[in-house]
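Working notes, beginning with the structure itself.
Order as written gives the chain letters A, B and C; numbering starts at 1 within each chain.
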């Protein structure tokens, strides 16, 4: 745990599987000078009542790791927006440079009790259930890398706009760390890029550059880096012209079969995750991975 | 109803959701001068016993709206052809200029009794069941626009050849009018263009130009406008060289899972449609849509 | 049966549905001069313990027909490799020129007892179950044509590298002979190239040239003919860097739903095949097909 504190002291709480992009991310001094203040909100929500569009700015340095606290905050914000009838659209974006989100926070799974791991997994499920099934139009404005859980977050949205910068990557690359994308991560990806692309990507833990991601359909549009948010806003305007009730029912029809599978297997899915992640061999993989990250920093 | 008569007097009975293409369609005086004579057949069937190929010419001015009468006639013709062992192929085409079919006739759903709406929906189902499960080789020769139900009609076929004219559009655009494509429309489209293309198209009620439709696989081939029927005939000849029994069983294997879903939920699907379409809010949407069409004509 | 003996004397035991490519294959005298010696192994396995990679060289002249003996040998070899913890990768290739495998051996289905046909089908299932569900990384190095069962064999692998020679073709073309690809052939293809590509390919019994096969995703990579094996070896090295346990579980997650369908319907699938293949009309189709092949040789 001293070790963990050491990591924390550098304020590098890398998201799960941000490994391959980490070297690049660290090239910027931004990441090692910023500190995450756990008392300040990790997500800033701007809600414009005149347009009915909310924007979630993820602002948890250095890389918007999806920690228990982060995801809890995200779910609470989502619930509020969803209950506000006037809020019809949600844009999710990052205030951190070069990264959308680096994915699940590895420190929530390493050296933790089964109870903690289970609690963490439950909120990961909750985030997915709320977003994939949201009645709002949801758009991911992806201004940087988005591996693993960060990619999942974007895949829950209705539309993905990514910065056209070949230094950024995106996909579900869990396998590379010895971790497994669960069935609902997998189905979300299959629903987006098809069975074969998913099979190859998940088996190899591939990360795609923007052009490759566009080609297989993992993102919908590439734009110059400084226009990601502007284009997201314009796209939202277009989506909001669609009759709302019909759009929502249509979205449910497309996504409910996948959502229902998790809803009816939620407890078993938590048990699977906990028994897997607390295995000695998996914990060892996580430790080696974190030590590699630590050495890179040194 | 006087209002409705007024519409009829102009002989403009637009198909459901032909809205976005209607302006263009109306550019031609053809549509406002032709009258639909309800006693004359809405479909002309030419059956060549030497080749075993039947051609259905849809000829219900102005835009081959899929009315109760039209669909009943279609189903009866289909049943006859299907029972004729010698009839092995069917080409569906339109005798109306610039349009394949503008889709379901909105007048069968507006201001009608639940019983009438249910009767109408049943024949829509019947058309789909007969065509998607047909033992014949079915080819859509799409010489014009084909929104909503017109698109569905073409999607039931084994092959779609469309005129390469960027003024024409095709897709399931029901959402734009506040209507919802039911699950079997959706699954037919997923089976053709995949889950993600369907999700975007149905949520936004998109209509695709021929080049875009070809790119996502909504149609199989584009040809110059005056060659659509010729190429359909040539394609049919090729398909008819395939051993028939093996082709039919293979087709069933691909399509029966979807067909079975409707067969086992047919009554519930009718109830869903009737309770949805007779809602005050939906009727209001339909009225506004028709008034918009009326104004465009004026 | 004298007729069959005549065929055997030319040592041409064509794979099921190698029909359309047979003319080209026969252009080479190789195929009519080589004899298959049933006592020599039909598959040569080279297993390099230092790399953990095994190579299966199919060497059953002239066209690696998947006979009962061939498939039995294949399954026994697979079982041995699978049980060897050190063996992590398998490359499947052909020692026969211009062909990967021409598919199921028609002589195992023509003029045979229902018992024999059932025994044969069981080993076809077994081959598919073992390969599609293999824990090893499996790569098909496709240096020639691969119709029907040969294509299925390659589709069970994790990755397909094909020689970029337009004289070669690949796909499931069973329908052309009046035979039907069973549901698990179909689902393997749907998992690879999607529903619509499969529907068209299977209905028409299409064979694709390498460039077309690459375009729809039936193969993953084209390389010059003399580099197929080298690239397969390099690709294997890349796949073996992935954490094994996570890759295996991920592969199972992608493929088990399809595998389970056959496992739970295995006996019924055998009965379906036997009752179909022993039909008088189907046997007649097979005879006509073989006579056509015989005439081509004469």
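FYI, contacts are C-beta pairs under 8 Å (C-beta built on N, C-alpha and C of every residue); 3 or more make two chains touch, one makes a residue touch a chain.
The model shown is predicted, which means the values in this text are computed figures rather than measured ones.
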| item | value |
| --- | --- |
| Interface composition of copies chain A and chain B: same or different, split at half | different |
| Copies chain B and chain C - rotation angle from C-alpha fit, nearest 5 degrees | 120 |
| CA centroid of chain A to CA centroid of chain B, Å | 41 |
| For chain B, residues contacting two or more additional chains | 194 |
| Residue ranges of chain A in contact with chain B within the complex | 158-159, 190-194, 217, 220, 238-239, 242-243, 245-247, 249-251, 253-255 |
| Chain C residues within the chain B interface of the complex | 174-181, 183, 186, 194-196, 198-200, 202-205, 281, 285 |
